[in-house]
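Below is one structure, written out as structure tokens; the observations come after it.
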Amino acid sequence: MDLTNKWLYEPNWSWNPSTEQSGYVHDWIQKIGEGKTPPDCILYGAPLSKSSISVSGASLYPEVFRKLWKQFATYNFDEDIDLSSYKVADAGDILMHTTDVAESHRRIEIATNALKQTFPSSTLCMIGGDHSTTACAIRGLKREQPNRTIGILQLDTHLDVRDPAEYGPANGTPIRQLIEQGIVRGEHVVNIGLHGYYNTKSLVEYAKKHHIRTHSLKAARKKGVSALIEQELKWLSSQTDLIYVTVDMDVIDISFAPGVPAATPGGMRTEELFEGLLTIGKYPAVNHIDFVCLDPSRDSRIEETCRIGVHAWLQFMTGRMMCK
Amino acid sequence: MDLTNKWLYEPNWSWNPSTEQSGYVHDWIQKIGEGKTPPDCILYGAPLSKSSISVSGASLYPEVFRKLWKQFATYNFDEDIDLSSYKVADAGDILMHTTDVAESHRRIEIATNALKQTFPSSTLCMIGGDHSTTACAIRGLKREQPNRTIGILQLDTHLDVRDPAEYGPANGTPIRQLIEQGIVRGEHVVNIGLHGYYNTKSLVEYAKKHHIRTHSLKAARKKGVSALIEQELKWLSSQTDLIYVTVDMDVIDISFAPGVPAATPGGMRTEELFEGLLTIGKYPAVNHIDFVCLDPSRDSRIEETCRIGVHAWLQFMTGRMMCK
Amino acid sequence: MDLTNKWLYEPNWSWNPSTEQSGYVHDWIQKIGEGKTPPDCILYGAPLSKSSISVSGASLYPEVFRKLWKQFATYNFDEDIDLSSYKVADAGDILMHTTDVAESHRRIEIATNALKQTFPSSTLCMIGGDHSTTACAIRGLKREQPNRTIGILQLDTHLDVRDPAEYGPANGTPIRQLIEQGIVRGEHVVNIGLHGYYNTKSLVEYAKKHHIRTHSLKAARKKGVSALIEQELKWLSSQTDLIYVTVDMDVIDISFAPGVPAATPGGMRTEELFEGLLTIGKYPAVNHIDFVCLDPSRDSRIEETCRIGVHAWLQFMTGRMMCK
Amino acid sequence: MDLTNKWLYEPNWSWNPSTEQSGYVHDWIQKIGEGKTPPDCILYGAPLSKSSISVSGASLYPEVFRKLWKQFATYNFDEDIDLSSYKVADAGDILMHTTDVAESHRRIEIATNALKQTFPSSTLCMIGGDHSTTACAIRGLKREQPNRTIGILQLDTHLDVRDPAEYGPANGTPIRQLIEQGIVRGEHVVNIGLHGYYNTKSLVEYAKKHHIRTHSLKAARKKGVSALIEQELKWLSSQTDLIYVTVDMDVIDISFAPGVPAATPGGMRTEELFEGLLTIGKYPAVNHIDFVCLDPSRDSRIEETCRIGVHAWLQFMTGRMMCK
Amino acid sequence: MDLTNKWLYEPNWSWNPSTEQSGYVHDWIQKIGEGKTPPDCILYGAPLSKSSISVSGASLYPEVFRKLWKQFATYNFDEDIDLSSYKVADAGDILMHTTDVAESHRRIEIATNALKQTFPSSTLCMIGGDHSTTACAIRGLKREQPNRTIGILQLDTHLDVRDPAEYGPANGTPIRQLIEQGIVRGEHVVNIGLHGYYNTKSLVEYAKKHHIRTHSLKAARKKGVSALIEQELKWLSSQTDLIYVTVDMDVIDISFAPGVPAATPGGMRTEELFEGLLTIGKYPAVNHIDFVCLDPSRDSRIEETCRIGVHAWLQFMTGRMMCK
Amino acid sequence: MDLTNKWLYEPNWSWNPSTEQSGYVHDWIQKIGEGKTPPDCILYGAPLSKSSISVSGASLYPEVFRKLWKQFATYNFDEDIDLSSYKVADAGDILMHTTDVAESHRRIEIATNALKQTFPSSTLCMIGGDHSTTACAIRGLKREQPNRTIGILQLDTHLDVRDPAEYGPANGTPIRQLIEQGIVRGEHVVNIGLHGYYNTKSLVEYAKKHHIRTHSLKAARKKGVSALIEQELKWLSSQTDLIYVTVDMDVIDISFAPGVPAATPGGMRTEELFEGLLTIGKYPAVNHIDFVCLDPSRDSRIEETCRIGVHAWLQFMTGRMMCK
């Protein structure tokens, strides 16, 4: 792993031996380093939202995430699980270019690749940024092991299969980019959370044509969101080598989400999302997760959406801990 | 239909033969005209809220409704229904008088009457404005066919039977106006959504005395809100010739509704409202619907309540399409 | 009862014979006085939040509570109960010292004691203020009848057992104060509403060590929040002489609670709280209730959290009325 | 004066002998009554804004004005003047009709007339409401003494001479109403505060045609706003029997006025307004003043515009006191 | 001029002969076309803010500008000037690329060049977008007539000479880009509005080294902002062939500018800006002006900053009219 | 200086030799330590606002001050002064007690005393907190050298001489506390900024009786705020040994100050305050300054008031630098 690309990581990425002392934030994060056990999970930020079709400040989320995270306890009361012994390393944020979006995308791809290469057994967790970053991360994983088949579980209100030829590699296009670039096959993409009037007919037809497995929220609720997630993870793991989970925070209902401009009426309740993430965390084949499209600059004074974002991530951690 | 009353309609009402070209907004609205098929649904705005007991900007809703509507897709993911072939004509807004509320009320009555007369087979959909506009619209329908019995399904937190003798034809009085004027009989009014501490004892007694069929939200939930709506629509259609549905947006819980000053704790969840409107849309005897009391000037920055309003209306449309 | 301590009560406390005329607000509150029936319930405010660890304006809640209360009807539609005949006296606010928190705490204790002594058969209802006021009120009750065993039902997101040695008698410490002072035994404290990542491991261990009966919200929902409350009230009444209920408004989900800075994701829905309070109200052994930690200065423009607070209190009243 | 019109005054109008005890709010307001000295100033509210062309909550201002007024001291530090000995009576609010704007206007006219008749020597001060109330008040004064010539000093960003034939007696029309009705002559109207791009050419031409004396803010500043006001008051008092001052709060710059939706860039600074009102207050021929178009429901959290409104009114009072 | 680049202009650019009918918005904008008089001024939008160092929604300003513009009158009261006869054509917005900032920059350059070529005698007015657009526009002008010397008058709180090598062509770099690319010479750049602690020492040194003429706001006020502007325009016109004026809206004081995130304490008052723009407008050598860095998504509810922006632009128009 | 009182300073106070490495924030702050030159200025926070009569979050200001400070340059453009060589040490915040206000006050007194003792030649700068902290700091200075006469220059809208016997040592009482305790004599207190209706007659009489030198803002403007400040500093230095300056941020006009709940209409403009602080900074006899009563939790989204606070402090620093 080449650390001479100085833009790769902000100085607080410290699992590099020489700076390992300060690499962990939060009281439940322990030190790692050469010759030591790699961390259970590596957190890194992709603060990019200039790739968004609408104005977005999602680039600010990694910083707010870290500030708020420290205000949460490590103990989950509902599950009686203490996360203190689950090792999370914070690799810091990937330095974005101010004006060159393509370059920023490239850096996300390379950084993800480097992280995976260096810590093959650690779960990677990327904090976005907008949804365009997902395509970069997955390309980075693919580049690392081109022969592995990647499956995607997407929790989203939208299909995100707009045409890159029209928008460039923008936040509405990641799934289509991956399909068109041959990185992921349509039938290995599962989307749960679709509902209402938020995807055009033509995009739905694209999804059908490419055999994306879509589940409306109404259908999901009939089975139970968590139960459906479990079923789909099983299916994905029977078909693919590696499962990547992407959580577009616009999947939650607009009443929970002043900080997600793309949230809509009729979306997922936080309770459903939290249960779903516990289920996802428990699933060993899940290797990488991201949380995207949360814009702190639109959030309420009490930062409710960002707090929901941290809680959601901790649910995943709790699941991990339970399957450790 | 006399178009010499120039205040009747804003210029964008274009199913008048001479201007039919520009009459439809949105990509799924097709042209109509003389000798052509009438539209499935006619949308018109009644931008009046000076009749409100409290300060209200609900008069601004029709304009915001149209702006946001264009941001919704025509495809409903949950029901796999595409609304493109459902024909909606936008008749524009009825021009309100700046200071003469009675005159504005009269115009709503006449305009509704004219629309019904010209397009007897089309579903009418009025976007308010406050709840006083409902009484006007129903008077307009009655005037058109005095012998028809009209039933009302009201989704509301309040009974809206305050005394017109005290308030004038204000937004708290429409149901009582209609009963006292002999337009509608109390037993033909069904109200679902009542709950909590938001109707005084004396108003409840008035409702009982006039045999208004009231259902508390708690009772509705025991049966299922949609199931109860279906039951009551059946009953109404067995007793009346025509069903008018009025949705006072204050029926939804206050946590969903920064833009509805009269919303209260313990109200309907949007999910319940959306399911209910699908059921209503499916019911052929429903002939006219309105959505009232949503004040965009109080809404949140992301316009969540107005978006809920558009989503709610689209649910009704989807139901229509399903029973077409 | 010594009324020479002029700081004890604001002038609107009027069940003192000489001023009884003006003592009742709201139309359903009737007059009481010497030789007359004592009120069913006595409301009093403890406008103190300088004891809060974070900045809090919860001291403003009693005033806002009274302003909003008058906008609610006395009739509960869901239960078909009219509260007009339930007698509530408003004892006004206890006058707080501007800079001496210990003195303010002492006054709350003395005032509660005086109220209990003067009106032993009335239900007391204290409007906070922050959670430190609960410890004072319970000390006041204990002082009145030292031999009585007091049980606590706490609806809360937090345990509130931080160490008074570290924080002083602050809002995070009331339960621990009472246990350490021997006022209440740990096994007589029941907490329902705990969830997520909002209590540290060490505080949970303190609770376990002292046999506090904790129920996570997830567990509560499996049984039903109301059903669990009923079960625990039964248990408490089998073990203690008197049940004190404390409702920390941060128990409700953050999406309902812009006005409760400590509210969190994954909290109780208002519907659950409202049903729970009905159950509590119906339980005769419940003798004192408080509502704390609601900060009107953070609330939304439509004062949604404060309205939820009043609705919650009325649910308790309705329960009382039903068991009268 | 006929008090049988019960809508005329809210019960807190207490200079009626039988209720004089409670008629004065604030510590510097003394009692008046029959056989006693009439008050120096009579304050009354005209809570009407349904006559506004745009949505307005200016009807809420009298209530907020009274609440905030009590938070101001009676002592003016800059002028070393204590207002305690200046007698102000609060006549309460005129009761407005919920839906009949014309009736509300008639009540303002009658009430003003009655006040002037009963207390000919007192300065009247009307708190609006929107600018349509000014026309009513002046008609009320004229009716009282038809032969007196009335002059108007208007501090305003707009001419307010829109055509009543088009808008009805709305808030954009008062000056034109008065000219067309022969109540006031155009050359007896002075407007200071006009600026920028906020009056159309045709309205300016109307003003010129009717010889309204207009002064742009830029011109006013060259002379000094206060000096110009003094000059124009002199001129008005040489031409008319009675001077009515109307302060449309939209005259102040938009940066001071979140609570005045019609405020504009380039408006008057509060400092200029405050000095101007001191000058106006000092002028004995000024007999009636109003403050209109301030909408508390749009104001900032700290109610800055409403506080500016109270401060402005107190400057007038201070001027009065200085010329007493 | 090649119109085959379809991204160049939105459809409302209509001085192209075939669509001239709809090309003018606002009532004071008249039609132009081939063989007719070219417009006095051509307005065009550059809705780009992805080039901003911080999150910015300045890309939304052109749309809001046009919406609000229609609410202003054409008559300037202070100067007694009617703009009706001043011809403004709205060329619409340049279509930006969703993710490729360099491409967007290139389009601004080409479009400006094309506009200048086609309408050499018209004043161009560009509505940003962020400050990076200024460099593009000036490059466009330069490309049109490479031999002409361009002078810049910049009203700004910042020097905007950060290093493009570090930031790319971002909003903090336009002046430095132009100097380094040899488009404009440092001594032909005049900056008025600099103040306080908002430029680092090293940037000031860069400015000095390149002989940028800087004037602190404190110094400007000693002379008079308008007088200084006039002096500097004279100097610029003696040294250059063409003057480009760029108004970074962050020059105004933070108290006027909730919608300009980069505004600072101690900035220009709107009154000073408005007078300055009148002076600028009067100066014939000024050939192109832009207004940048105003972010409507941060503005207050009453859109005060955007209104200030429109007013500022109209002041320039008024100046133009006066020197016509 | 006794560092065994561990509550005295937060860990970032690092000019203690053992931790000197990390003690300076900002790039223009250099290291100090034993045997080295003492800092020019020592900054310390007094995060206490539980002593406020109204709810206040001014305790949050020191933290926000430090966050924003880092966003300002060290170079002052107007004065062409670079602060890099002016040495500021950040002593961190004094640790406040959660519930014991008297104890917190005692700590401020002791900490100020210790700082003065250890660094007699450094200017002390305290960031509040509310105005009660001023009395503590001055007591701390007095305790250090009981024989020195202390003069106070107060920039304030209020006299702050309410009676401690009534309020305790609250934020409305500091000047009276000091006079009654014999720490400062009334005639050595100068207050500039008083205006309007914000001090009661009786408080003004107290001030007169104790010969406090008061200047209304109107009078100050006649002379020039800065000129008056200079004159009064001269007078104070002729009468006293040491000048303490206290800036209650409520002195600025309400339109600049969403974050100062006590700000009022008619207050000081920021421009006046900034010039005044430059003058104060230049005056060598000024030995200690504080900035109080700024509540970040009420500030606008763009934190305008807090930014004004930092700018104001930097003006004082610039003045210091100029007289160094």
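We just call them A, B, C, D, E and F in the order they show up, numbering each chain from 1.
As a working rule, contacts are C-beta pairs under 8 Å (C-beta built on N, C-alpha and C of every residue); 3 or more make two chains touch, one makes a residue touch a chain.
Here the structure is a predicted model, which is why all the values come from computation and not from measurement.
Peer 1: Which chains, if any, touch subunit A and subunit E both?
Peer 2: none
Peer 1: Of the other chains, whose C-alpha centre is the longest way from the centre of subunit F?
Peer 2: Between subunit F and every other chain, the largest centroid distance is to B.
Peer 1: Return the chain whose centre of C-alpha atoms lies at maximal distance from the corresponding centre of subunit C.
Peer 2: It is E whose centre lies farthest from that of subunit C.
Peer 1: Over half of interface residue numbers shared between subunit D and subunit E means same, under half means different, so which is it?
Peer 2: Comparing the two copies, subunit D and subunit E contact each other through largely different residue numbers, since under half are shared.
Peer 1: Taking the mean of the CA coordinates per chain, how far is subunit D from subunit F in Å?
Peer 2: Centre-to-centre distance between subunit D and subunit F: 42 Å.
Peer 1: Hey, how far is the Cα centre of subunit B from the one of subunit E, in Å?
Peer 2: Roughly 47 Å, centre to centre.
Peer 1: Can you list every residue of subunit C that touches 2 or more other chains, as numbers and ranges?
Peer 2: 255
Peer 1: What's the complete list of touching chain pairs for this entry?
Peer 2: Pairs of chains that touch one another: A-B, A-C, A-E, B-C, B-D, C-F, D-E, D-F, E-F.
Peer 1: Would you tell me which residues of subunit B are touching subunit C in their complex?
Peer 2: It is residues 194-201, 204, 214, 216-219, 253-255, 258, 261, 263-266, 298 of subunit B that touch subunit C.
Peer 1: Using the touch definition up top, name the residues of subunit B that touch subunit D in the complex.
Peer 2: Going by the criterion above, the answer is residues 49-51, 53, 55-57, 59-60, 97-102, 132, 167-170, 297.
Peer 1: Which residues, counting only subunit B, touch subunit A once they are in their complex?
Peer 2: 72-79, 82, 84, 255-256, 270-271, 274, 300-302, 304, 307-308, 311-312, 314
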